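Handing you a structure now.
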């Protein structure tokens, strides 16, 4: 869907996921600190719901790409011509995210699936998106090519970061990094929509102007800065909320009182040495 | 052997290896969980047989490349001309896999060979295949070049993943990832054969058509999706089989009853802390 | 600021930071060895002051880039033209370093921020600088392009190294490596200034001469050698100073007496196993 | 020194180092296994001697490059011309290896130098060699360029591997990998000499023939295979020698009797958990 909506929709999808993660991971982090339990049932149910919603979103994405009026309607090859390969490629991207969502659900539902598989499949999904984008943007005007290729930094960076989570699972720094890249991807899709398909009758961008490309490069950095600020703000809000709840209610909600003596967390995570 | 058979044969080789691994690693994983023993004699013998078969396959590959009617018959240089360098390059690839198989055998047979060497040599073999392919595909039509270069993703990805196993040995996630890439490679070789040398009299593909290249890129992702599904199915089948065996027979076959309290497996692996 | 000052100022900034680090990290290392305490209050205050100064420097950099006579004065777009994008890009680089400084301060001031976030944001800042430089140097004369692109080795190397510190925090080797790259960057900025904008009326360099490019490549290696020597010298000086202080004063200042039995430090760090 | 000797000399240097390492590391490995002591004085003295010899070799290399009859004799710039930059670049490479040798010596001589610094500087030296080679080979005939660029695989691979040793020190697999790459580099330098400057009056190679390039690519793989075989042979010889010595002499020389129960070595190394 090479129009404004076709970029606004995935943009919103990634933005929602990123914003949700920027609340979920701080919540999980403070909870774990307090209770020293790895994964309680409440949290597990939340993860399953999240994965289900992500799967649902992806399926909607596939259906949208296939059954928009000018879509391929599940026809791939017709009269010696490939049908709407662009839509098929987008469907493939959504399909991988659907698979990633399903694997996430299964990992929490079925106990004999090894942890880490969910992260691996997620990394593969993100990589596939980048992989398809990489071969996607040849033979386009310079600005179009450049603005899409910047996305690859977020995608391959995210894929590498999620791969690391296979080994360093539940590392809050990696989780927040992933969150920030998801938000970046979301806002950048919106930016692409605004630049390539100006929605409110604003004038077209000159696709060959070197200054435009230079601005877009810098603009990408600003987007990431905004993503960092959003993650930081939500992290702080979650902390404030939890500490207020604790003051008013019981002392079991979060484990902030233990934070001070706990700065060896990362090393301990790495070694898995349980403090018995 | 630039024909259909020359791609179907290595394709079948990698496919068989991948399918076997997709049964072996889940089996090993469930066994280890149950018995907490690293490597019993039964498993060790299996590994040696597998490595021997891989070596045998590779030797057959070398012989086939050398002694097909239009092969070099071990002549490398003749009358100021290199003889059939294509076949020699393929022989070299098989040679590395043969060496990898031999080192695998030795690692299990001879106790004073450090663990990890087998993985390192396997990583080197896969890298060498990618390395030779990389310089292999210059000066060909675009589609030919593209369809071969996609293989490099599977090869270099696999090489990196196997290298990680030097450090993180027996990590089920890395093993399943390697398995999926082996299957991908196998099915992709078949795909290359079907595209470049249509076997059943189907029409030739236009090697310069941009749409064909675009489809092939997407098709590669679908192959990987199929590979993931195969690995997942076999994993589930192995689990079902083992749990049925356990119900009917004794309780010592697998350790599934311990799985629930064992989700810190990975961290423990990383730290090597034995629970004594 | 495409002139000598525009390179001398950031060069001095990175040089000062690098020199300071080459004193700070050895100091911290010897202290930690002695006391076995992770982070005392004295050290913490020092880190906060350092981060504050880095933030201040970065803010000065932003203001300088914006309000020099030929700067954009915070105007980004004016009469269908982007205003002074070069200065805006430099401002963006400084902005990221300012954010990194703020996050560093917060990590030490606020106990509920996970350790590692500061390193991640620093890695992102350095990466962003490299990212902007990468797209910065197109369409320039060969020597200009080459001399700037060499900087990318220091930047991407530094970014990768700092990312590793997220996992392997307080690893003296990584810290000294980062230090040496900071010094390299500092001296190389000065070198760029001298080559592209000869300050003392020395003749212009021929920007297309292959020999000049060849010399500059080698010169970059020499700069790094000098950086290594500076780090080594400061390391030795800190050691001598501390051991002299110890001889004259009490025995509690450093822990050199424990160094001999402590060469398993790195492994222990990796496992986080405390010797109790 | 663009002639046969100029490639044979560094080739011999790397070959000797590689062969020596292929004896040293197995020796060290079996010793450590037996005695469970990290580093005894005997071994330490050996390391210092090795580093001293490497430093000496490098200094000889520098002097040879500078003071051969057509060398620059320490003149860098003369009458508006850079003097013999090729020789200066080679001198720079040797200089880095000299620094690496000195740092190695210091690490074993001075106890307050953190372990890992020696590996870092070695990785930097190897990277620098690759870095200079990378910019070295532009504007040459295709075969010349290709044969030199293959060296980069050995160099950047070696640099990455040695960097890993900063974290995973004393890992026998990484050490043997480094050893094999050193031997590869040594034999490849000889190969370059034979191809570009045929010494015994053999005919010149056609520098533009595609088949020659194809053969050289494959030949590089064969060289690595030979390097693997050499390392494996020396490993086996060291083992045989040590076990024979043990049978005839006392039982304290090697710890092979402990090898069987010790296949969790790598994991243990990773966690640093001492068996108390």
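Each chain carries a letter (A, B, C and D) given by its place in the written order, and its residues are counted from 1.
To be clear about the criterion, contacts are C-beta pairs under 8 Å (C-beta built on N, C-alpha and C of every residue); 3 or more make two chains touch, one makes a residue touch a chain.
Because the structure is a prediction, the values reported are computed rather than measured.
S.K.: Quick check for the class: compute each chain's Cα centroid; which one is farthest from the centroid of chain C?
M.R.: It is B.
S.K.: Could you label the chain A-chain C interface same or different, taking same to mean over half of its residue numbers are used by both chains?
M.R.: The interface is built from different residue numbers on each side, given that under half of them are used by both copies.
S.K.: So what's the Cα centroid distance for chain B and chain C, whole Å?
M.R.: 43
S.K.: Distance-wise, how many Å sit between the C-alpha centres of chain C and chain D, to the nearest whole number?
M.R.: That gives a centre separation of 30 Å.
S.K.: Send over the residues of chain A in touch with two or more other chains.
M.R.: 270-271, 273
S.K.: Where on chain D is chain C touching in the complex?
M.R.: It is residues 38-39, 81-82, 85, 88-89, 92, 95-96, 99, 111-117, 120-121, 124, 128, 131-132, 135, 139, 166-167, 169, 269-273 of chain D that touch chain C.
S.K.: In the complex, go through chain B and note every residue touching chain A.
M.R.: Within the complex, chain B contacts chain A at residues 29-30, 153, 168, 171-174, 176-177, 210-215, 217-218, 221-222, 224-225, 228, 235, 239, 256, 259-260, 263-268, 270-271, 273.
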